[in-house]
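What follows is one structure encoded as structure tokens, with my remarks underneath.
By written order: A, B, C and D. Residues from 1 in each chain.
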Amino acid sequence: MAKPKVPGMFKGLGVTFATLLATAKNGADTVQYPHEKETPPIRARGVIALHEDNCTSCMLCARSCPDWCIYIEGHKELAPPRRAGGAPRKVNKLDRFDIDYALCMYCGICVEVCPFDALFWSPEYEYSEPRIADLLHDKAKLGEWMQTVPEAPELEAGAEKKGKK
Amino acid sequence: MNAVLFASDLPYWLQSIFRVLGGLVAVLLPAGTVVYLFLFKMLSFMQSRLGPMEAGPYGSFQLFAEVGKWLQKEDIVPANAQPEARIFKMAPLIVLASTFLLVVVVPFGPDALFTDFETGIFYALAVSSISVLGILIAGWASANKYSLLGGLRAAGQLVAYELPMVLAVIGVVIQAGTMNLQQIVVAQNTGSMFGWDGIGNPYVLTQFVAFIIFMISVQAELSQTPFDMPIAESELVSGYMTEYSGFRFLIFFIGEFATAGVFAMIASILFLGGWGVPFAWFGWTTIDSVDNWMNFAGPLILFAKMMALVFFIMWIRFSSPRLREDQLQRFAWKVLIPISLVNIMVTAVLKVAF
Amino acid sequence: MRETELARILEALGANVVDSLLKPNDDMWIRVTAESWRATAETLKTLGFTYFGYVSAIDWLPSPFGKSEDDASGPSGDRDSTIKQGYTGGDTRFQVIARLVQPFTTIGINIKVDVDDAVMAVDSWSSVFAGANWHERETHEMFGIGFNGHPDLRNMYLPTDFEGHPMRKDFPLLARIVKPWPGIVDVEPLPGDDEEEGEAS
Amino acid sequence: MTMLGDRQQLAYIASQAADARVNVELETEGMTLNIGPQHPATHGTLRIIARLDGEQVVWAEPSAGYMHRGYEKLTEVRTFPQVTALVNRIDWLGSFANEVPFILAAEKLMGVEAPDRAQHIRTILFELSRIANVSLFLGDLGVQLGAITPVFFAFRDREYVLNLIEGATGGRFHPNFDRIGGLKDDLPAGFIDETRVVMKKLRTFCDQIEDLLFGNEIFQSRTRGIGVIPKDVALSYGLSGANLRASGVDWDLRRDQDIPMAWNKTDFKVITHPDGDSFARCWVRLQEVRESTKIVDQLLDTIPAGPVMAKVPKIIKVPEGEAWVSTENPLGEMGYYVVSQGDQGPFRVKIRSASFNNISIVPWLLKGVYVPDIITILASLYFILGDIDR
């Protein structure tokens, strides 16, 4: 039915009153944060997790990070040969892999550019620190984040079947 | 209260202490409930959120938390307001004083009233314009361009809207035949509509135009949203209150909502029959025949009517944008005042005819 | 559609156009002489190009601090500093570029002009297009190109007492020099051949 | 749409003349008011120096630059993927819409075109970021004029759109989802049905705002006839987007330009308004949000299957050349002039953002206006500070 031509003021009052009843009846749209927590979607870029053994300290992520917030130090050492009689392999050992989340802008270039799939996104977001220096997550901390990395979500119908990370 | 007090012939100083405590309760209690119920809860529910929920069950102690917060905040006086720091500090007290002076004349029950002025409503309207002084002083003394603009706008607006308020009240006074608020309440509850005295004769029905004008002027006196040019937060940050902090801002904040409560009480006395229910229901004929329990039920009835009126004030405040000050001045002078004059004339003619 | 439009423009501007380029279903470029800069604006406006896009400048000198991956604080001796202009050529280091559009056919045209290194100034468009006022102020403070006839050529973004023109290629980007780039190492060759001896960081 | 009757215009001019006569008599020296970088009405840190005579503005001049981050200088030392991550911080409310013209310019230089499915998803996310951007404008408009409730409706319904964008791209505000040649990933499962539900919510949001704000007589008296911009002045200042369409210029880059996006596969109305005043600009934006929801619905029905990434080498060196691409961003026409000399990063990027031109008209517009109208006009022009200062 055509809406009655009510003067604008009262239509406005009607809208606010209707919202008052709606909120009273079926609850507010807001989430009471500390008590109820909203789960972020699977792909949310919360924190970067490092899978240490994949990393060969090839510095690709450090070079392509726009904010230069990845600091990597490694050294070369001899690792036992793969095959029994083969020569010992020279392997890059990772000493230090820090990401400074005070500088990071969560663009995701490092995760994408890493040729060895050592970096993953995890939707974890509750890691704020009172001291800004503690935002420099070292290798161990980044390793801990690995447990929170979810499986890649399955894709919408009609998508090519190659779910990248 | 008078009867109770006089009967036990307490020394005069003890009576005045009771009166002071009664005044505090009569002003702060409505202010507290209005702030909690409307500003915290109703506003949030109208915006599909729950409002404060942390302090106490359903956020009931939020107001005490806020008061605590403001009290422990530093009370800053701007540097270049130093020469008139005394005046700067005095401004909020003037605004709050006008509220307390206003509540003195409000009757809560047949005997439960502070004073019974013969010219009650005349005194109330005169006293309510003191707050304009406080706001102008606050705007000027803060030595800040935005509060100066806010203060000047407030001066223009509050003066402009006192006229229609006074003229609306004259309509009621003509119909009631007296300026004494107690008599106005009695007149409304003993009168009868066309012979049927089922609901007494609340002036909201016969004086409906005056009621609308009075409510609009109250909205403007409190500088609530359609008329909140003085505290236009999107332009003047918060008008004359910008430079205040700590418990001075608390006084302004409490003043704003206490005045809303007290004005709503006066409006309910003038138009909705104040503390009384139609006397015919209980077979009372005059004020002396009203039973004693009315002294306790009266304040509650007045409180309920006041909350209903404040609901309307706040409802309009939360859902309408702001008028520009030349538009609201034009609205006051060219629309409200002529209509209230016409209303006075019509009431006078009808008063003479019947 | 664009061909006829370009022909109409060339015939209207006549000698002022030094060079023009039309990329099929892409865009049109013309380069005009410095003296005819304001005249071009007026004639184009009469030809229907009433929508003012922008006015800016390009500094064609390759940056002495090297490309994004090189080490900015290192010596800049071996980097080539030959100036190569883009479309419709040009022979000076600085070029002012502007864009106008016909609102109803959305045909746009990019107009370039060479800024003589000695003079470092071009006529101002603010009398023809009011929007050019701000753009020219920004170009002046960023590149140091003067605009004759501009009402007030104050700084748009930078503080009034800022010396130097940041968008010039030889203006150092301090962030790169102050903080050494974490990737300055003899970079490990791409992971394909891991036998090759590479000194890690 | 009501024509602004010439009676109304005459009344407005008469009232201005009357005030002018009054001012001449009581010649008071004016007051310079800094609507400073720290002010609730400027979306970000814009400072307006206004010389007042009483409540009326004699002369006003915005001074930008408090948020200047030097984007064009930064792009000279960044590679193309890094610039995409950088560039969606210019107009941070509709940030996916910033990446698209830059990536299209790079693709035009490379001679690569994104596959059909990628173009569809790009257009959907483009329209979603427009809805997120403009719905916040509708709420914020209420706050500028004093109504408290619309802004909460705006934030509540915009949250659904942001959750959609986060679900698909990973970032609510800075998706960084575009790559040269296509998109980083495909849509997560269940995205299409969720979007349809959200679009219905957005339409009810538009009706609520229309009842709450646009129908209100006070709102109309505050915005009709305020800040009137005639058509030719708008064109010569280079205004774009809803500000231009509200002055009666029927020009929408989505319909009039053929760029490799999926707009030409949908039919939508381009809304114009003859008055050119503040009310017209706000009204045009409200209708555009409704049109955007219709566009997204049509696109959701016609998404083709297929890959989302064209054949592009991993390390991209864009061949030499210059390209200009501009799209109809939520704030207006945003264009990139990318000059590349065959490296991993661009040689020079000229970022033509919409709000820079939209705000350059403010000195002309604010002459002889009341102080509250400054806020109304700024609200109706709708600029984002990052867009002005780059």
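By definition in this document, contacts are C-beta pairs under 8 Å (C-beta built on N, C-alpha and C of every residue); 3 or more make two chains touch, one makes a residue touch a chain.
Here's who's who by UniProt: A = Unannotated protein.
Please read these numbers as outputs of a predicted model, since none were measured by experiment.
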Given chain A and chain B, the chains that contact each of them: D
Chain pair showing more contacts of the two, B-D and C-D: C-D
Between chain D and chain B, distance of the C-alpha-averaged centres to the nearest whole Å: 44
Between chain C and chain D, centroid-to-centroid distance (C-alpha), Å: 25
Geometric centre distance via CA averages, chain D-chain A, whole Å: 29
CA centroid of chain B to CA centroid of chain C, Å: 65
Overlap residues in chain A, where contacts from two or more other chains coincide: 9, 12, 15-16, 19, 29-30
Shared interface positions of chain B, touching two or more other chains: 46-49, 318-320
Junction residues of chain C - those touching two or more other chains: 69
Residues of chain B that touch chain D when the two form their complex: 43, 46-49, 145, 149, 225-226, 228-229, 232-235, 237, 318-327
Residues of chain A touching chain B in the complex: 9, 12-13, 15-17, 19-20, 22-24, 28-30, 32
Footprint of chain D on chain A - complex, ascending: 7-9, 11-12, 14-16, 19, 29-30, 40-45, 64, 66, 105-109, 112-113, 121, 153-160, 163-164
Residue numbers on chain D that touch chain A, as the complex places them: 78-79, 81-82, 85-86, 117, 147, 149, 153, 156, 159, 163, 166-171, 174, 176, 184-192, 208, 211-220, 303-308
Touching residues on chain C, where the partner in the complex is chain D: 25-27, 29, 50-54, 56, 58-59, 62-63, 65, 67-69, 72, 84, 86-87, 97, 99, 103-104, 106, 108, 110, 129-131, 133-135, 142, 155-158, 166-167, 169, 171, 173, 176
